[in-house]
Structure formats: C-alpha cells, structure tokens
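Note that the chains are named A, B and C in the order they appear, and that numbering of residues resets to 1 at the start of each chain.
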Amino acid sequence: MWFQKTVQLTPKSRGFHLVTDEIVHQLPSLNQIKTGQLSLLLQHTSASLSLNENADPTVRTDLETVFNKLVPENHPDYQHTFEGPDDLPAHIKSALLGVQLTLPVSNGQLALGTWQGIVLGEHRNRGGSRRIVATLMGDG
Amino acid sequence: MWFQKTVQLTPKSRGFHLVTDEIVHQLPSLNQIKTGQLSLLLQHTSASLSLNENADPTVRTDLETVFNKLVPENHPDYQHTFEGPDDLPAHIKSALLGVQLTLPVSNGQLALGTWQGIVLGEHRNRGGSRRIVATLMGDG
Amino acid sequence: MWFQKTVQLTPKSRGFHLVTDEIVHQLPSLNQIKTGQLSLLLQHTSASLSLNENADPTVRTDLETVFNKLVPENHPDYQHTFEGPDDLPAHIKSALLGVQLTLPVSNGQLALGTWQGIVLGEHRNRGGSRRIVATLMGDG
C-alpha cells in the first residue's frame, strides 16, 4: 500500500518547534498501516526536520542558541547576502540538520522512542507556512 | 515483503562505535531480500546513528574529539542543565549526526561502500543499552 | 515495484555541486513510478549528499567556506592524518551532512521543492568518481 500527501504546517516563529501532532493529525491513513513506514520530505532549504526530545522545552531553546553560535549571521566571508542576514545561515542549518526523515510505523502508529518528537527548525525570521511531502507505505 | 523488529545494542562507552555486525546478526531475515532496503531508527535523542569509515579506528577517536569541541559542555548559555553537563551537548550531537538511516539491500546483504560501517555515537557518559527499530522491505 | 542501480558521478572538484540532473538522467525507470520513492546511498565516507538551494551558486560557495571553518584542517588533536590534511575533515563533514536521502516520487518525477536540488559535497581535494546506490520503489 502506497499513499502520498502534502502536509502544510502553520507559520512558526524562528526557532525549534515540536510538530509530531500537527503532522500526524493530517495523516489519518496512518492507522491503516500494520507494518510499514512514513517518509517525510520538507520541501524547503532554509528550515529543517529532525528528531529530538519531546519533553523539556528548554532543549529546543538551547538548540536555537547553539545553532546561532555555530552558524553566525553577517560573517564577512558570506557571498549569498541579498536575501537578508538570516538567509545564508538558514541554508547551512538546514544542511546540518537535514530535511528528510523515514520513520517506522507499527500497528497504525509512528514507532518513535518515548522521548522522541519530530522537530521543525524554522531558521528564517519570517519563514511562513512550510510544506512536507508525506509518503506512507507498508502492509495494511 | 515487510518485516519489523527491535534491535537492542549492548551498552557502549561514550564515543563512536562500529555496530554494523551487531545489527546485522540480529536480522537473519535480511538474507531473504533480493532487492530492497533496511531502515533503522535509533529511538533515542542523546545518541546518534551515522555511516563512517569502518577501517582505521582513529577516525572514530577523532570524531569524538571534534564533536566535543564543536558542542562543548557547561556553556553558560545552556538552560537544559538538570540532567548533567553531558546531556544537552548529547541532544545537539544527536541532531547534527541524525538517528535514522535507510540502507540498500541487494541479494540478502547490505549494499554499503567498501569502507562504510554503521556507527553508533554514544554521547552520554552512561547511556546504557540503546534500541533501534529495524524495518526491512523489498522483493523476496 | 522494486528497482536498484548503481549510479556513477563524474569526478568533481572539492566543494558543493548540484547533481540532481546527473542522477535523474541515469534513472529512466523513475517515470514508471506513479507513487513511490527513491532512496540514494552515497557509498563513500569522505563526501556527502544533501539537499540545498538549486538557484544562486553562491550558496554552494558559502557552504564550502562555512564547512572549512567549522572543521579546519591540520588541527593538532587529529590522530587520523596519514591520508593527508583534507581526509579527516572530509570524514567529519560527511558525518555532519550525511550520505543518504530518501525522496518522494510522484507521477514519474522527484517531488522536490521548487528551490531544492541534490547536492554532492566533495570534501577531498581529489575525490575521483563517486558511486551512489539508487533504490526505486512504489506503485507503477
């Protein structure tokens, strides 16, 4: 069984956001899969999709702090500057964190770890709504 | 053909460890797949799963050295500190390296490059046993 | 439907290169997939495969600049030095950026975002030709 759908996320502020529920709620077909997987592709190059802790929100605050230090804005070496100081660093963060996840599905549910959630990294100051192509496959 | 199983890794010391054999030995069904793939999800947020050199062990020593410098412990900006100084850096390293791999299977074997191995990054001082959900799919 | 093939890339200079077309041209079977996905595994540990902007080439120039600063050559702590000063940094960049992508296929085409392209990071000074195992799967 194969199923594909574009999932739209509401606009988020710059930073890291838990989006597991927002994605799963748009995929009612998930509960028809007994053994399979869900592949997600974020169709953008200035945001990211990763897995991280779903409990204490200070982990996500610290992710934003650390990535801003790892990839600072306004570095004199940057050539790609015409889309604003947050743009090139956003492309680098997107490359470091990735935009693609393939997750196991078991008995109609995502088989994540107890403390794992899907995290959108919004790396632009005003990124707007973000699109994910979700591909579900498996035994029904 | 779809097959799913939880693979348990023995506890590892902090650092980077080759785990290709430990995973493959727990997946005898692999040799039933002619053309397909194996998806692995490490169900943790303070360890990582990546591919790297399977030969000279100093590459893995250097990975530990470099990631400890990239993401230092005890930075005064960190807010998530109550689980110990190694915890927040472990979450960051897990996000940078990732926890998910999808690997080709050909004639019953993983089709990795000659020098590629699956590497567990254990980023906690005492991470304990780690769990991987393995999903096998393909033509039998 | 399952289909697997090794795709060979021509040798590239050190840096980041758009390779979407070079890969797709070697996969004519792509247009037989109505709903499915394409998994790519770069079979090397000193190069990387990621998604990034397919338009302004200065983004790729800046990727090379930033990753050279994040992972400098000739650091006195490195132990794995016998393959040249560019080798160990190449392994680290490969781990940071990853070597594996799973991409949605829709109506015979890759369903990437408008501004997304597949990017080979060649992290060696003379990396030579690189190999990718491409696995296509889906409903025909």
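We take it that contacts are C-beta pairs under 8 Å (C-beta built on N, C-alpha and C of every residue); 3 or more make two chains touch, one makes a residue touch a chain.
The structure presented is a predicted model; accordingly, all values stated were derived computationally and were not measured.
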Fitting chain B to chain C on CA atoms, where both chains share a sequence, rotation angle to nearest 5 degrees: 120
Counting residue numbers used by both copies over all numbers at the interface, does the chain A-chain B contact come out same (over half shared) or different (under half)? different
For chain A and chain B, let me know how many angstrom lie between their CA-based centres, rounded off. 20
Going by residue number, chain C touches two or more other chains at 70, 96, 98, 102, 137
Chain B-facing residues of chain A, complex: 35-37, 50-53, 56, 58-59, 61-63, 65-66, 69-70, 96-98, 101-104, 106, 111-116, 119, 137-139
Per the contact definition, I'd like the list of chain A residues that touch chain C in the complex. 2-4, 39, 41-45, 70-71, 75, 77-80, 88, 91-92, 94-96, 98-100, 102, 131, 133, 135, 137
